[in-house]
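One structure is given below, encoded as structure tokens.
Letters A, B, C, D, E and F mark the chains as written, and numbering starts fresh at 1 in each.
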Amino acid sequence: MFYHDNKLQYTVRVDKPNPAFANMLQQAIGGIEGEIRVCLQYLFQAWGSRGPNKYRDMLLETGTEEISHIEMLATAVALNLEGAPLSLKEEMAKDKVIGAVMGGMNPRHVLSSGLAAMAVDANGVPFNGSWVVGSGNIAADMYANVMAESTGRLLATRLWEATDDPGMKDMLSFLIARDTMHQNQWLAVLEDLGGVKGVHPIPNSFPQNMENQEFNYTFMSTQLECKPEINERWTEGQSIDGKSNFKYVLAKPHGQEPQLGAPDPRGHAQKEQMMGSAGKGLVDKVKDVL
Amino acid sequence: MFYHDNKLQYTVRVDKPNPAFANMLQQAIGGIEGEIRVCLQYLFQAWGSRGPNKYRDMLLETGTEEISHIEMLATAVALNLEGAPLSLKEEMAKDKVIGAVMGGMNPRHVLSSGLAAMAVDANGVPFNGSWVVGSGNIAADMYANVMAESTGRLLATRLWEATDDPGMKDMLSFLIARDTMHQNQWLAVLEDLGGVKGVHPIPNSFPQNMENQEFNYTFMSTQLECKPEINERWTEGQSIDGKSNFKYVLAKPHGQEPQLGAPDPRGHAQKEQMMGSAGKGLVDKVKDVL
Amino acid sequence: MFYHDNKLQYTVRVDKPNPAFANMLQQAIGGIEGEIRVCLQYLFQAWGSRGPNKYRDMLLETGTEEISHIEMLATAVALNLEGAPLSLKEEMAKDKVIGAVMGGMNPRHVLSSGLAAMAVDANGVPFNGSWVVGSGNIAADMYANVMAESTGRLLATRLWEATDDPGMKDMLSFLIARDTMHQNQWLAVLEDLGGVKGVHPIPNSFPQNMENQEFNYTFMSTQLECKPEINERWTEGQSIDGKSNFKYVLAKPHGQEPQLGAPDPRGHAQKEQMMGSAGKGLVDKVKDVL
Amino acid sequence: MFYHDNKLQYTVRVDKPNPAFANMLQQAIGGIEGEIRVCLQYLFQAWGSRGPNKYRDMLLETGTEEISHIEMLATAVALNLEGAPLSLKEEMAKDKVIGAVMGGMNPRHVLSSGLAAMAVDANGVPFNGSWVVGSGNIAADMYANVMAESTGRLLATRLWEATDDPGMKDMLSFLIARDTMHQNQWLAVLEDLGGVKGVHPIPNSFPQNMENQEFNYTFMSTQLECKPEINERWTEGQSIDGKSNFKYVLAKPHGQEPQLGAPDPRGHAQKEQMMGSAGKGLVDKVKDVL
Amino acid sequence: MFYHDNKLQYTVRVDKPNPAFANMLQQAIGGIEGEIRVCLQYLFQAWGSRGPNKYRDMLLETGTEEISHIEMLATAVALNLEGAPLSLKEEMAKDKVIGAVMGGMNPRHVLSSGLAAMAVDANGVPFNGSWVVGSGNIAADMYANVMAESTGRLLATRLWEATDDPGMKDMLSFLIARDTMHQNQWLAVLEDLGGVKGVHPIPNSFPQNMENQEFNYTFMSTQLECKPEINERWTEGQSIDGKSNFKYVLAKPHGQEPQLGAPDPRGHAQKEQMMGSAGKGLVDKVKDVL
Amino acid sequence: MFYHDNKLQYTVRVDKPNPAFANMLQQAIGGIEGEIRVCLQYLFQAWGSRGPNKYRDMLLETGTEEISHIEMLATAVALNLEGAPLSLKEEMAKDKVIGAVMGGMNPRHVLSSGLAAMAVDANGVPFNGSWVVGSGNIAADMYANVMAESTGRLLATRLWEATDDPGMKDMLSFLIARDTMHQNQWLAVLEDLGGVKGVHPIPNSFPQNMENQEFNYTFMSTQLECKPEINERWTEGQSIDGKSNFKYVLAKPHGQEPQLGAPDPRGHAQKEQMMGSAGKGLVDKVKDVL
């Protein structure tokens, strides 16, 4: 169950509001690298956790923290939108800075939200629930989490570069720090689960002798012309999961030319399609009906 | 530039067509864990690569291989749909097996594609380009790739469990094997880049002294009641990236109560919203207009 | 800022797991009438609130409660999926009940989430951030909230009818009760704002004399044949906002035939499109280029 | 059945074309607050109406009127795009006004539609059918309609503020007037249905004694720190639907810690996940297989 | 401007309601091959038409007819849902026919719409405005229209095959007939515009001497192994637009290996990425900052 | 199966990088008129082809070529983004050209991809798998392909007009040439299938005597006022498919007023809805329950 107080997790201060930066911040709210995604991802992983409980507990903690991050960023968007131009009147467009700002603004911050944050990214594309990864396999989920925090921290550093507002830089330095911790935290779970050799190949509960043994540690080159060096880390030596050795082969087909059955007349392909060698008989049925 | 021949990368054989399994296979084609995603992901990462070239080359190779996987799966869907029921006529629904199969089928395999694969997942939700991750940071991208191959291999093992068709099990054992290789391959790049200590926190090119030092290796507990054990791998000891030590603190607000400016009268909030302490002056302007 | 404990807001008990009901419950999680929507809607309205503060406080409270509702429903989905069939093997499809259940299941509960809830609706369509309404106008937002709680309570009563599991019926009777309260609560804000006469037309801060006075309380009938009764509540008598009287007129055009300029040659419409009366001159320019 | 003539419902005149305003108008066409949404919403509600017929008739009338509004707005977009810049050539960008306009334009108005309206919003996000609400409950639907007309009128007033083109202001004053009428009209249906006390809680056909009686008129505070005033309209006194009295309580968990079953080995979670107290037995089965 | 009466364009009669067929009919309402798409497509093409007016008039006529088709289909869905099972209670699932029907139903027809049509397809995926094609080029639009009516008629014939309800078959035979007309109608416009030789290549207003002359009538084979017959209609002889002759060549690269600049340090790629030959200088700048 | 080399199909050269043009190019990558769409469309059509094989082979060839086009365009985007502004710092906005460019840029090219192409369109809307048309009917598919190449060539000519960069113009002249070929190629298949008279109405395998004979070659006018000329190509004379003659009629209803059954009480409509003439009996049942 969840509770709140009325304060922010960390200070949000905007020294010089900038509506174009408000739009950029939306990526950290409703974008695929953003906080709604990690918040729901960690909470759904917790709510679907079937043990051990210590992982569930930890996911619940950090998922809850992420709600506070959305709150900080939504506040930052609203503060950056203070004083934003609400119209396209001609005299405003003539002002160079306002013109540039208007170009970088999201018009829906004026039209739809009344100068507040929305559940969308920096292109106005709405947050999408398909981004919430919870697979039921804790190692796969931890890699999803490391990846989410990595692209999230990358986004935060790019936002940090994009602004020279001291308040925004301070808030971002907090969020960057939290992403550092969260990357380490999900890596700690992976270490706890046995490290790379313990968790890979993910899932490690599938009997590995049932996978095709010829191709499971083989780099297949689809290059036709100049071949890559074959003494790369991924073409020879022990595999990273320690369970085999890398091999290198040129890709070639191991399968047949695909041959599908003739179309079913009730599916109403063109007559011509039913006259191939396979479809001859069927087209007669059609003729009967016509 | 790309080329093809007319054969499949590996044999695709369906011993007993099953339209409900055809639907399940769609998850491996157009789903977030599927092959269109990894194919475009590796190719876009290659096409945006700004060096070193050996990573670009490798991404291009494996991205090309994934096209061949989509081809195999699309062929498998078409073969599983042979003989599928095309109507809801009553006598058919009375047959138990057909009834169950019809429940598990995608009606659009009949209505839209004429018994062929589509660019959708097992719920008929179309493939979405937002799933294609290419961040410009190779370590973040490699984690995205490990994660994609992990959820992809997990999906393939679940499909393997869901069928008892020997042909399908054989095809899946090939795809599972390739996912084993690909997981190892992206991990090999991470090792090549310096391993966990070299690549984290991602991005490792942001000056770490600019991030907030109080919070970057601190586990913040949002739990109110029973506190978690604080001697977990993620609450004490050296951080996984080797750059600091984990700490454990109870979460508390470090920020203010958020206070936004009053609404701009031209945004047409309700009058009542403009009568708060901050909005008094503005509402007078509105009155003048009314 | 947000906190949690490890318990649920209200007991979640499933007496007889039913994977088809698990799928139906997804509508209450990730559907447009569901809890992720109201949770984010109330929180974003709070975070964008520009006063008076008492509304912001209340939105934050109820938004926080809704996170606990998502948690309850996600737990209910996971419990309903216990023992779900993981395969399409033929003997299972022959069992009538299992067959029906498989038809009603979401295959992604097996393939993607490993028998856990996802951020999708009962068709597997992902939650979409466009559903989160926060307009910056508190009266519009309160109607959005009444509507969300109305379709939400309607959904909960339909789920209550769809199951005969006593545990699920008990959980739903709690959620239905909360929706009763929340409907009343948002109506209370509307009363607090002056009731129907005070808040309408929304927004009430636009100078009403600037709207077209001929059409603002007029029912326009587009019916060609049999005319509706003209003594309905919406065709005569005082308007509901008390600001005018309803009128009834037959719809007729008050505007011109639309006439757009000719296409710009650089936009490459067909030549024929540029040969209309308006486009003659332009097509000569094209000829010069060709 | 539907008919048309070649005129517009109301004059559409653009005195000074502005491609950035054309983009803003798209929100009123293909946005969630826009006219395609209300048009389809009223028509689908009519087509699914199961009586009384007078509501169906009225929905059909207003749904038909909304098609004429889309037509007006689409014409307005096309007229605002006349003379829009079709290229990014450098000399143009140097002109301040053109530069600003280009920033605010939708590039797809040049690239995809050839200077015509599209079925998208002001961010280019396509219209989405999920926004069309028709629940089968007329009171819920009327609130959805009041809300749609409220956010729609709000949008129209913001567009009115954003332009100083007299033709556009005149068209918008017509649309604002119609939204005034439509708000009143849907409220009239609610009054016709018995008013707030008659229709709430929605649906009013669910036996209210089946909802949990402890929580259905209780404001639950999730605030940890400073408590809200408890003599607000929503914390004491008669409930708005007149069926009970508001109460105020501090939120606390009424449920258990969630405990899910162990993962099914066939779902291929990591081995570690199957070794929790609940999963011990299952992991032995896995060992047998390996 | 638009008008209506209260009757349907053609009789809609359901002799034996079937909720699974109701779901299939949704494809013809909200699917990409469905009537909302063609309705909006023809209307948007009309509203954006810049002459000649006769095409605009015709588009408006047929767009208006399509609204009446949506109305017929929505009515058919509602009639097919009469008596649909509203619950998953066990005794019902045991009935073979009901079980099959439940599997083929859309649960949102029960949960969300109360047994009425929705703006979604047969997978419950919402209608999407991106499907509405209006390019500003009348020939491209006519091909889009022929294609829409072709996939639409194909869908209608498949629905006709899927049902044995005489009422539904009668309604579908009407809709199939209208699609025959509409295919012919858009082809008539293409003939009116000059036929294949007049309209192709689309757009025909681009100066064709500006396109690369080596490749514009050349079939490029990407096949590596067995070459296709080179005396196909598309490899030799006059081109269909009559403007050149087909040629056949083996595909080979005409371009360079792509070489992008080094990453900008402010974008925070990994350090390793900036150490390629091109990036050396830049990484020094990074070092200065660190 | 698929292969590649490291070169581009045709030279990609950017003389003067322009980040706003990079954004425009995204339409040709991830837009509905773009190359991901045609690539997947031709490949899925090939993979689902049920004969004759020569069409399958050809689709595979051109689908493979389109991958090379995505590669060229993705490279062009990356090259146009070199040196793009990464921040909103004030001094930059003051520069007129940079200001205009920033307005036309996609902020996610900075924030999400690190100056590389993404699988999105020029509004940042992600590529959507629903655009991939493969119907199982080769004539319908060929029209879909002609249409895709027509809107694709139109887009390419508009991009050609929008830039004055010689490198970009050269690349586009290649792509425009290929679209010329591809339009001709799909038309050649249609000719091969028997031309307009052979393929229409699509599908030509439905027994045409089963369609309603009164309406299948009849232009129905929904115009109320001024009637169109009735001697247009589509109102009289032989139909284009040569199978009948066009007729012209005024549209009128051929169907009844729709009458749906009363709502099912378990669906919880409002009580008032169940009190219509049809619903009387049902509401008594509700009363019993209450």
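Keep this in mind: contacts are C-beta pairs under 8 Å (C-beta built on N, C-alpha and C of every residue); 3 or more make two chains touch, one makes a residue touch a chain.
The shown structure was predicted, so the numbers you read here are calculated from the model rather than taken from an experiment.
Visitor: Which contact partners do chain D and chain E have in common?
Guide: A, B, C, F
Visitor: Have a look at B-E versus C-F and report the one with more C-beta pairs in contact.
Guide: Looking at C-F and B-E side by side, B-E shows more C-beta contacts.
Visitor: Using CA atoms for the superposition, what rotation angle relates chain D to chain F, in steps of 5 degrees?
Guide: 120
Visitor: Which of these pairs, D-E, C-F or A-F, matches B-C in more than half of the residue pairs in contact?
Guide: Going through D-E, C-F or A-F one by one, only A-F repeats the B-C interface.
Visitor: What's the distance between the Cα centroids of chain C and chain D, rounded to whole Å?
Guide: 6
Visitor: List the centre-to-centre spacing of chain B and chain F in whole Å, with centres computed as mean CA coordinates.
Guide: That gives a centre separation of 25 Å.
Visitor: Distance from the CA centroid of chain B to that of chain D, rounded to the nearest Å?
Guide: Using C-alpha averages as centres, the distance is 27 Å.
Visitor: Note the residues in chain F that touch 2 or more other chains, in rising order.
Guide: Each of 1-9, 32-33, 47-48, 50, 57, 60-61, 64-65, 68, 71, 75, 78, 86-87, 96, 99-100, 102-104, 110, 112, 114-115, 120, 123-126, 128, 130-131, 135-137, 139, 151, 154, 157-158, 161, 202-203, 206, 208, 222-224, 251, 253, 255, 258, 260-261, 263, 266-269 in chain F touches at least two other chains.
Visitor: Where on chain F is chain D touching in the complex?
Guide: 18, 20-21, 23-24, 27, 31-33, 96-97, 99-104, 121-125, 151, 154-155, 158-159, 161-164, 222-226, 251-253, 255, 258, 260-263, 265, 267-279, 286, 289-290
Visitor: Using the touch rule from the top, collect the residues of chain B that touch chain A in their complex.
Guide: 3, 5-12, 32-33, 54, 57-58, 60-61, 64-65, 68, 71-72, 75, 78-79, 82-83, 86-87, 110, 114-115, 125, 128, 130-131, 133, 135-137, 139-140, 143-144, 146-147, 149-151, 153-154, 157, 160, 173-174, 176-181, 183-185, 187-189, 191-192, 196, 200-203, 206, 208, 210-224, 228-229, 232-234, 239-241, 246, 251, 253-258, 260-261, 263-264, 266-269
Visitor: Can you list the chain A residues touching chain C in their complex?
Guide: That would be residues 1-9, 30, 36, 40, 43-44, 47-48, 50, 57, 60-61, 64-65, 67-68, 70-71, 74-75, 78, 112-120, 126-132, 134-137 of chain A.
Visitor: Provide the residue numbers of chain D that touch chain B in the complex, in ascending order.
Guide: Touch list, chain D to chain B: 154, 157-158, 161, 224, 266-268.
Visitor: Which bits of chain F are touching chain A when the two form their complex?
Guide: 1-7, 47-53, 86-90, 93-94, 96, 98-100, 102-104, 106-108, 110-112, 114, 120, 123-126, 136-139, 193-194, 198-199, 202-209
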